[in-house]
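Comments concern the structure below.
We just call them A, B, C and D in the order they show up, numbering each chain from 1.
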Amino acid sequence: MGLRSYVITRVFLTIPTLLLLLTMVFLVMRVLPGDPVSLHFEKKADPLQMEQMRHLLGMDKPLWAQYFDYIAGLVDVNYFSAHGYPNLGKSMQSFEEVGGQVFSAFPATLELAIYSMIIASALGIPLGVIASKSYNSVLDHLIRGFGTVTYAVPVFFLGVILQLIFGVYLHWLPTGLRINPSVVPPPTITGLYTVDSLLQGNFVKFFESSKALILPSLTLGLILSGIFIRLTRTNMLETLRLDFVTAARARGLKDSTVTYGYALRNAFLPILTMVGLQFAMLLGGAILTETTFSWPGLGRYIVQRINFRDYTAIQGAVVMFGLFVALVSLIVDILYAYVDPRIRM
Amino acid sequence: MPLLEIDSLAVDYRTSRGTVHAVNDVSFFLEKGETLGLAGESGSGKSTLGLSIIRLVPYPGVIGGGQIKIDGRDIVALPEHEMQTFRGTKVAYVFQDPMISLNPVKKIGAHFVELIRTHEPNVSKKEAFERAKTVLKNLGIQPERINDYPHQFSGGMRQRIMIGLAIALNPDLVIADEPTTALDVIVQAKILDLLESLRKAYQMALILISHDLSIILERCDKIIVMYAGHMVEYADGTELHGRPAHPYTQKLLQSIPNIELSDQKLTAIPGSPPDMLSPPNGCRFWPRCSCTMEICRVKEPLLVSIGRNHLVKCFLYGEKGVQSE
Amino acid sequence: MVRIEMKRSMLARIVPGFTSLVKKGPSGQMVIIGMIIVLALVIMTAMGPWIAPHDPSASRVGGIRIPPNWQFPLGTNHLGQDVLSRTLCGGSIMLQVSALSVLLCFAIGVPLGLFSSYVGGFVDSAFSLVIDAVYAFPGLVIAIAIAAMLGPGVVNMALSIAVVYIPSYFRIVRSQVLSIKELTYVEAARSVGAKWYTILSRYILPNVVPSIVVVITINFADAILTAAGLTFIGLGVTYDIPDWGWDLTNGRTYISSGAWWIIAFPGLMIILLALGFTLIGEGLSELLNPKLQR
Amino acid sequence: MWNKVELSIVVLVLIGIIVSSGTMIYTFNTMSNLSTLTDDVSALTENVGNLTSSVRDLATITALLAQSMGQLNQTLADLQARLASIEASLAAQAKETIIVGTTDSVELTLDPAQAYDYFGWCIMQQISATLISVAPNSSTGADFEPNLAQSWNVSSDLLTWDFTLRQGVTFPDGTVFNATHVKYSFDRAIDLIPNIPEGAPAGLEYNKIINRTDVLSTYKVRFVLNFPFSAFLGVLSCRASAIVDPTYAPLMTQVNYTAGNARGSTPLAFVGPYYLSTWTRVGSSDIEIRLDANPHYWNATSGYPKTKHIIFRFYSDSSTLRLAIEAGDIDMAFRHISPTDALDLDQSATVNVWWGTGAFVQYLCFQEKRAPFNDTRVRVAVAAALNRSSMCETVFLGLSSPLYSIIPPGMLGHTEAFKKLGDANYTYTRSLLAQLGYNESNKLAFDLWYESSGHYPSSADQALLYKEALEDSGVISVTLKSANWANYKSNRDSEIMDAYVYGWYPDYVDPDDYAFLYWAAWLHTNYSNATQTTLYDQARATANQTLRTQLYAQIDGMAVEQCSVVPLYVSGAWAVTKPTINGIYLDITQDMRYWLIYITD
């Protein structure tokens, strides 16, 4: 089937998954013990006010009605076009639009995720390739060992160590925040400081924001690179064993051509899919990293909201994560289809 | 000076469970334009022998000793990058299964262009492309399909393409490792004929590796029969067909169905090839041999000549083999 | 005939996995080292209470934040608790949580996977749709959300972690079963009228076991790290039980004042424990990967 | 002890050996693998070939990176130039700007009718003003000085309070501040109460206190109270009494943060030393707050604020904040640097630590609805077993001090009443509990709850120490339980916690704002005591300080008998700054007056 039709079907396939996901989140948030409103509010909220609040939050309705509102709100196009973010309900604490808060917090997480993804692949894939090429040699074992160890290190532990070395002792890099305190953040276009500052043509801001990015993304990237190494290595080992690689060698093609043009390009497909799945894990790690580096992203948002039992906010954030992951896996699959001619035709 | 000269070659697989001597003390030579057949059951080391000629014995295999001379140049100790120049230009290799021998994510054209330009860097992309097209034409594939991907071709077609890739830089030697085993019978003959004609056209030498002795008998000048890593018999085609010396060869011949003789008894060889980790001592074939003697169990026979370049590794002919120790 | 077939395929997968590991080269040795580490830590934690020189949660056994010395080999922490004693005993919660969560995952994921894939059809596709939805989701996010809702406690923690890892069991079992289901000997067994449970227990389960073992070990490592993460977020179990996770989280506050020993040792322990399981898992998966066997 | 130490060392060493030997085996195996390769020269060369080639590949890959890096470096070069110039200009600004790092964040809003968190109040104090305020360095917190009001007098019955307002105070838009604004502010605060989910600004319910506000003349305003209230000045000096600007303060609705519109995000009248020029929140926590000097500030002529710009930076926890001040990212770290960090920053020459008096108190509450704490003797017994000093020494390293009366020291009416029960007074505890049949075999068992999400300073460590002290009595066994702030509050309201630690920040610095904690209904201790409340009201109703002192002393006295709520400790206060920062007053009001802070070189 053609690429277009493939993409279209794939897009349609994500919808039920998403719906499922939303439902689960909703249930998790609602089935839990206790009535959120009465749990949330302070001493002075008398029954009448509580009723008001319930009404304000639409929690006076039966569960199914709430569910319906919740889904309807998410797909409410008018609301979206009006506010620029989907309707995720109101925060139980400040009564601000959760959608707005979540969307304002998201870019930080996205930026962190992207950069650590880059670091992880720039580190993990070549290392994996090298390991697989020198199979069972010292180099292979060293790289493998590195991969295994990084996988076993708690994210925040690594984060603290890096902070200590580069922040406290060497004074090279900032230990937290998205940009140097003395610099005013760039105007929000995409929300990604590095991108915005470039769009604005302000190199100082770009410099500062990327400096602030190094430690957090390095922390996350290192942890993730372990997995990348493992994936690349095994997949390469498998493809390097395939006939067409030997055949290529037999034709006297250059070693690099064989490794990258043949082995890696074919091993890349499974790697790609795995990377897609790893993204979820990466976001999980982002939560811890954000807390370690005072990174004002979605992860820290969730953690804070939890302390206020701000159900609607938590729900919103979780949904946001879900949407994002779904989007990523969609993109990955399309990429896959694009890279692999057997699907593309 | 012969095109290919192999002298007491040994190839070992160093597995974590022990060393396997996959090829043991094999020597022969090949002149330009000659065809050599390598016959033997699977696991007899014939493919390993083939691969060792282009020095691509898979991990953990290593060339354990001996010489491989191409145009009088020993390639065993050659550094990798020099070896690369040999492959494809001097020696080409055609693999068993065409379905998995082409890069699924590369177009056919790309395969050719890549090949040509690696070895002749000054050739322009366009030229290379044209050359590829002509090669395809010779193979009987319409040139416009050059922009298709491998998975769009049938098995036979792909094997043609593989052959095309092999002869594209008209090498002196083509090694065809079971080129037709993976294909259905009708196609098999065609492919072999194609190979034959091309060989003649470009005056290449050909090493045809196959478990099917009949194919080899009808197409090769020289034949080597291998068993468990040993070269058990070496002879001209006709000679071997006329009077096979080694019991194993005889058994092989008996197992070939023959249309001429109507009341032919087909006999299978009893038992199965030995475990290469712990081969029987003495002659490796004795456990399956019908005329085993005491000596076979204890001593390994040497290759003895029993006629104009007809060698056999068996005590039935080999008194001087014993003496010569 | 059927019986032999099965034995062969079982042996083909299990034997290389579990016997003569040393002979199996580096992968095998990874497994062994992993096992040694894990065992060592488990024993240490089990013995901890008896061999600990001080009551691990007693404050002021010495001064506050004393660097390692002869009397306090690993120093004391911010409450003057003996780091050595805490390091010795601190594993219990981690191990309990991870073990419990693994148990839960196994008890739920495997039967579910077997059932759904064996039954097939609508049920199967429905199940896998749900499971995939969970699987695709950032694990820690779910874990945090659930843990936050359930509140602190070993069981709650284990539960919240389990939810995250059930899918990986389900998926592996399912894929295995689907591939095995159609094999001739299973067909044969069915044709001679074997009951479904016989087929499951006799033919399918044994073949699934090796890959499940791999998942378990990996799951163990992840569970430990997740538990540490949850504690770091402040969702840990109560504070009066010595726990590496807690010490790591607290120690973080004091590392900037140079008291590295508070965080170093529990940190090391967590890394070791996770590393142990990862080694086992990686080694096994390499051993059992048919594509890499020659 | 000794052999135990050795034993455990041995075990550790063993594990060390095991692990290292494991690694040895592994590496050895690696080597042996290598040797099998090396014994064949060609294999080795090939291997090396691979190795080098693969390294080459790595090179090719990194080449791309390197390239882009190269470009980046180029840009960096002129960046450095740009940066240099920028830094120059920054240096110029530096004397004008102070960057403050904090772990706080505005909890909800900057609407005085609703805001009820330390940091919210702190910001409000910078950008708006109250009628009167407490003089810096006041020891009692009762030394009031004119702010928007120039003078005041109160009727003898403490019911009518008249204020003469300062003239020539203008809002940024030129509006002249007058009595109507005062009336508007307080009327609004009262009207809003029913419309606010969380009720009136906690503690001070204006609707109960103020009967009406009268405008006597343009610059004269009168408050008529419902009851004689000696601490009314205190109330007026607190942030909830800040003056609002009618243009931005709608009557019936509370004002919330609106992105990109700092002015619109608060109803306050900008008559304080600073403007709120930037307020950025992401996901309801602050990203940036920027204060710029207010040229219309009535006291601007005398050189206030001393520093033009204050920028707040927000850190997730005290350790990152400490790292920031150490790395020199910020000029000043205020709230919360942990005691440990504060103490060893005090040793370092690169920063100054400022020590002040605290007024934040924590206390132990008992659930008196059911056993065991429905029995006074049990409460007393537990109170006597507490060991405040060891807790303060261990957890706060002596930076906070034991508290023996709910009213903190320095304040009028502070006593040492609870000393009577003593600390770790186990003999007393045992004898009391013995009467109730508790002993070593049959211990008094209950749950002790603490807040786990950092709402109170090191609450987990505290709890651990309390538990320890109580259990050392030998007749008490404590189970620690924890919940994050939201759950903690709801647990308190649903009265499921046996004993729980709570804390109190002063709304206004007066015993009146502390004494009621003994029986405060919202603590849900189910304790009430008519005599104490009457004494409390009497204390409210008199301006006679000696009399008030006696009354509060009596309240304390009864509290000791009842132990409904047991005071634990009063915190210290400290700020960390670069040595160049001066003019910091950390007095009992807990206010940080940024307009007094200046930079020297």
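We adopt the following convention: a residue touches a chain if its C-beta (ideal position, glycine included) is under 8 Å from a C-beta of that chain, and two chains touch if they have at least 3 such contacts.
Since the model is a prediction, treat every value here as computed from it, not as a measurement.
Participant: Quick check: more C-beta contact pairs in C-D or A-B?
Facilitator: Result of the comparison of C-D and A-B: C-D.
Participant: Of the chains shown, whose Cα mean is nearest the mean of all protein Cα atoms?
Facilitator: A
Participant: Average the CA atoms of each chain to get its centre, and name the chain whose centre is farthest from that of subunit D.
Facilitator: Chain centre farthest from subunit D's centre: B.
Participant: So, what's the distance in Å between the C-alpha centres of subunit D and subunit C?
Facilitator: It comes to 40 Å between the two C-alpha centres.
Participant: In angstrom, rounded to a whole number, how far apart do the mean CA points of subunit A and subunit B lie?
Facilitator: 53
Participant: Between subunit A and subunit D, what is the separation of their C-alpha centroids in Å?
Facilitator: 33
Participant: From the mean C-alpha coordinate of subunit A to that of subunit C, what's the distance rounded to whole Å?
Facilitator: 24
Participant: Going by the contact rule already set, what residues in subunit A reach two or more other chains?
Facilitator: 136, 141, 168, 241, 255, 291, 306-307
Participant: Where does subunit D touch two or more other chains at once, residue-wise?
Facilitator: Within subunit D, residues 26, 30, 33, 53, 317, 323, 326, 453-454, 484, 487 contact more than one other chain.
Participant: Indicate the residues of subunit B shared as contacts by at least two other chains.
Facilitator: 80
Participant: Spell out the residues on subunit C that touch subunit D in their complex, using ranges where they run on.
Facilitator: Per the touch definition, subunit C meets subunit D at residues 25-26, 29-30, 32-33, 36-37, 40-41, 44, 47, 51-53, 57-60, 64-65, 71, 73, 78-80, 84-85, 87-88, 148, 151-152, 234, 238-240, 252-258, 272.
Participant: Contact residues on subunit B for subunit A in the complex?
Facilitator: 51, 54, 56, 58-59, 80, 84-89, 92-93, 95-97, 100-106, 114-115, 118-119, 149, 151-152, 162, 165-166
Participant: Considering only the defined contacts, which subunit A positions touch subunit D in the complex?
Facilitator: 34, 38-45, 49, 52-53, 91, 93-96, 100-102, 104-105, 108, 122, 126, 129-130, 133-134, 136-139, 141, 145, 163, 167-168, 171, 174-177, 180-182, 185, 203-204, 207, 255-256, 259-260, 290-294, 296, 298, 300-301, 304-310, 313, 317
Participant: Sort out for me which residues of subunit D touch subunit A in the complex.
Facilitator: Touch residues, subunit D against subunit A: 26-27, 30-31, 33-34, 37, 47, 50-51, 53-58, 60-62, 65, 75-76, 78-79, 82-83, 86, 90, 97, 99, 101, 108-109, 194, 197-200, 202, 256-257, 259, 280-285, 287-288, 311, 313-317, 320, 323-324, 326-330, 453-455, 484-487, 489-490, 493, 521-522.
Participant: If you look only at subunit C, which of its residues touch subunit A in the complex?
Facilitator: Answer in residue numbers: 25-26, 129-130, 132-142, 144-146, 148-150, 221, 225, 228-229, 232-234, 248, 252, 255-256, 263, 267, 270-272, 274-275, 278-279, 282, 286, 289, 291-292.
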